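Labels run A, B, C and D following the written order; every chain starts at residue 1.
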Amino acid sequence: MVVEITRPGKTSLLLSTPVMPAAGTVGFGDNYHRLVDYEKLGAIITNPVTIERWNPASGTRLVPLPGGILVHTGLPNPGLKRVIQQNRRVWGRLPIPVVLHLAGTSAPHMKQAGEMIDGLDVIAGIELGLNDDIDEGEAFALVSAAAAIEKPLLVRLPFYEAGHLAPAVLDAGADALVVSAAPRGTAREEHTGRLVSGRIYGPLVKPLVLRIVGRLRRQVPEEVPIIGAGGIHSPLDARDYIEAGAVAVQVDTATWAQPKMLERIARDLGGWIATRRKDALMDEWHPDMGQTEAAQRGAAQSGG
Amino acid sequence: MKDTQAYIERIRRVSRDYQRLELAVDKSLSSMLAGQAVLARRIEKDYEIQHWNPYLRELWFPVEILNSNIIVVEVPAAKSYQPGQLLSLLGPIGKPFKFRRKLRNILLIAYDTPPTSLLMMLPALLANDASVTMVLMGTACQYDTGHLPEEIEIVHAEEDLSWQDMVMTLGWADQVFVLVGPSKELANFADVMRLVRERRNDVPANYIFGVFQRQLPCAVGACYVCMLRSNDGSKLQCVDGPAFDLTSLHLEN
Amino acid sequence: MVVEITRPGKTSLLLSTPVMPAAGTVGFGDNYHRLVDYEKLGAIITNPVTIERWNPASGTRLVPLPGGILVHTGLPNPGLKRVIQQNRRVWGRLPIPVVLHLAGTSAPHMKQAGEMIDGLDVIAGIELGLNDDIDEGEAFALVSAAAAIEKPLLVRLPFYEAGHLAPAVLDAGADALVVSAAPRGTAREEHTGRLVSGRIYGPLVKPLVLRIVGRLRRQVPEEVPIIGAGGIHSPLDARDYIEAGAVAVQVDTATWAQPKMLERIARDLGGWIATRRKDALMDEWHPDMGQTEAAQRGAAQSGG
Amino acid sequence: MKDTQAYIERIRRVSRDYQRLELAVDKSLSSMLAGQAVLARRIEKDYEIQHWNPYLRELWFPVEILNSNIIVVEVPAAKSYQPGQLLSLLGPIGKPFKFRRKLRNILLIAYDTPPTSLLMMLPALLANDASVTMVLMGTACQYDTGHLPEEIEIVHAEEDLSWQDMVMTLGWADQVFVLVGPSKELANFADVMRLVRERRNDVPANYIFGVFQRQLPCAVGACYVCMLRSNDGSKLQCVDGPAFDLTSLHLEN
């Protein structure tokens, strides 16, 4: 299976599975290597990176919600230069393409980023994250600057403004749209009693973003790939995005709640699902089982 | 760190408010050391999550390892569990507590939290003839200690957090571990540090450790929700913790 | 307690409790009278009404989701004239103001509605629902037409466009903003296997709408009342909206899941909560207990 | 209709796939009649909903009323319940089935659904010497009927939905109640009507009734999710149902 997740022309980004983790969920390098088989994934999207160092948000960073969570980390990162220094070797060893998520701060920053990234083969593409309150003109300028980088460019649209921003973002040279960033919300933190703002994650986000993907699919030209991202918690959720017109998907905080779910979704959409044998007993099979474990158990059973 | 399945083998009530769950676990968890934890969630017979509430896993610090495949956790008695309940466990998480080579006297402080996360170290300490004092502060005073080993000296702090013979206890201790609740973590650590600095001229490095028990979304250093700031740069509870030298941690905020 | 939920001037709408059911959740009349004490509520908002008869949507109308539901009824109603005929007597008997929810179809329809409603004392106000895809010009025209009706006018803003539409809606004469309608989404229906579109309800909607309310509160003039609506499932949820700047709240599908919750929220915000006596045993008290039941049980206990 | 609290008093396995829950209920529910239902959700000791998944209540048609405060429901054995579990019940919902005055022969059809929602009528029918035939169609054939009263004649339909002596059974029946599953409700009713019309020249009014068991969000006629169209205008399952004369219902869609 080969999936092209960027527009034809310029450099293009080919994945062997249409499933990847969303920016901010699996770290900068290979933090999940003990829990997830990276070979089964289509690509890695790094945590968001900025040119300057960003410090963690002070105060509450996590609010548990019914059926979800609010997260506000402040996107801490040591700045692009150090992120590259610290991770380029790991990236080189990963069996899949690495896409660098750049927080969309300013056009000059994108230029600086280009200077650091252009010769760097271990980075297969850029995902640009747009701020929620950006307007169409700002988005055009920012994406144009990022499009000057010699890498395939995915642009992650904000939840509420995805439809409004898409045309400008495509005009400016985005090779694919990631729809969408997690919606912002506000919730009360139990311990401090204060209202805090952050991004909202949970299964109920999926029907909201799925509709946005379906509408955008009808709105933008057919050759523009859309990557669906929002509230995916099962292989069926991922398949719904594909049916609504996405070429690939990003799994977000489901990976935290159940790490094997990321791989399971990738195996399912990549055609690698470990199917339960008709006569397998319950404790000889579980859906998180990989091919290797399935084969071992199969062998053990036919042996015994 | 592995993602393994386990089940509740046995449930014992140990005090008015707490029960202990004996978990039959993958043997990779039987070498866990004091300070390490697992992230747990209930799953159903078909190994699926039935509902996403609570969304994240609970952080459990074992209190005891019974044998190569039974670990014991202590949870509120008010929560109902059934023997046979399947669990998904992620672990071990974090670094073991580091004890001084010649540890004679250790001081444990639990402030606004049950001392559960400190209990796992007790058998080894007592076996090595260390003497253990446990100070309960704030809401920790409600914790019934009847089921803890008799050799431990239990002290209940006053409302102003002081206790009898405080200067002596602090001077005497080779090492201090402070555990705080989730509501005012950094502020509570700062309270304790103020107390200690008032009573001791110098607070050396590697003397007093703060133990964090934040809810950990990813536990693998990916999400940065558990990030702390210290004199040595950013630290992650899930990777570098749960214990940090309180003299180097930034406790403002 | 008296809460003014419309702008000063013209006729104004005063409620004795800042809590009401959202349009579409409690029917046209007093369907919940056996389950909810209407006296404890601030007002009733009717199900959406149109000038012409609307038939129910065909196909799937309900999709269960993790932690919520998708609902698509097609807003069936027999047309404004018959709704008035069938319900005016019930409305007259209700101990609280009745607000008629008008689906925002067209300006001429608003004029027709005005002719039917203007003399009708049993209708205390109008809530106008805006279509999700309306633009600012259309919204201005529609709200202007509705503002000509001699009743206080609440306008319910669509979820995704609340911030964009608010200025035009206020210029056109809205007396208060209801923020917001339930977000639209898409989900797969298990039995037919098809993707269906509808409105999404559940607790995770609350943090999303709460943020929108907080932002609008800072955006629009102080004298414009905002009524918070979205995902309220507990008294604390309702209080969060008040703290974020809403003068009142609307409870939506929580009423279906747990009918007494609507009344409980109203009692809480109205200061009528039945407080648990210090020495009450668990089965002598429950949070859904009203004053009357609490008093009876109290009397029974001191008697025995 | 009332919103009352109940608890599970006893659980009995009645067949391979089904168990019966005896619910201790408010006495307002003890006068429920066949055709009426309750909307149930589990609640916790503090009378609160702990998680909102499933979000809506389940629709339960009792199968038996034991005495003034015990009603019995039949649920899949695969779902685990505990005696003592607290429930919040909304009911009674809907109108009782209307039986003809001189009912001698009644035909019950369950199509792609367990016949559970039809069972409550059986004791009264049998006590009045009515003869009952129950036809199981589609996946309903998997339902094990061993625990049903012996007097009932059980028939398993063929794949084409026909059964032996079908013309006779249909001609002979004074009344027919058809229960369908949630997946293809209207289409399934249309299937059965086609079958009946092929076998009977006239299908009179008040002869064949379709019984709906949709999930009801509000159950009080407020949400209009359960709206049906008939020759007499719109009907609501929750208020006017669950049984509707199939000759007047619009089954296209």
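We adopt the following convention: contacts are C-beta pairs under 8 Å (C-beta built on N, C-alpha and C of every residue); 3 or more make two chains touch, one makes a residue touch a chain.
The shown structure was predicted, so the numbers you read here are calculated from the model rather than taken from an experiment.
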| item | value |
| --- | --- |
| Between B-C and A-B, the pair with more C-beta contacts | A-B |
| Most widely separated chain from chain D, with each centre as the mean of CA atoms | B |
| Whole-Å separation of chain centres (CA-atom averages), chain A against chain B | 33 |
| Averaged-CA centre spacing for the pair chain D and chain A, given as whole angstrom | 46 |
| CA centroid of chain A to CA centroid of chain C, Å | 37 |
| Sequence positions of chain C contacting 2 or more other chains | 65-68, 202-203, 233 |
| Shared-contact residues (touching 2 or more other chains) in chain B | 51-53 |
| Graph class of chain-chain contacts, one of line, ring, star, complete, other | complete |
| Residues of chain C defined as touching chain A within the complex | 65-68, 70, 160, 163, 183-188, 195, 197, 200, 202-208, 210-211, 214, 233, 236, 240, 243-244 |
| Residues of chain B defined as touching chain A within the complex | 1-3, 5, 41, 45-49, 51-57, 88, 90, 182-184, 214-215, 217-218, 220-225, 227, 229, 234, 253 |
| Chain D contact footprint on chain B (complex, rising order) | 50-53 |
| Interface residues, chain C side, partner chain D - complex | 24-27, 31-32, 34-35, 47, 55-56, 58-59, 61-62, 64-69, 71, 73, 76, 191-192, 201-203, 233, 253, 255-260, 282, 286-288 |
| Residues of chain A touching chain D in the complex | 66-67 |
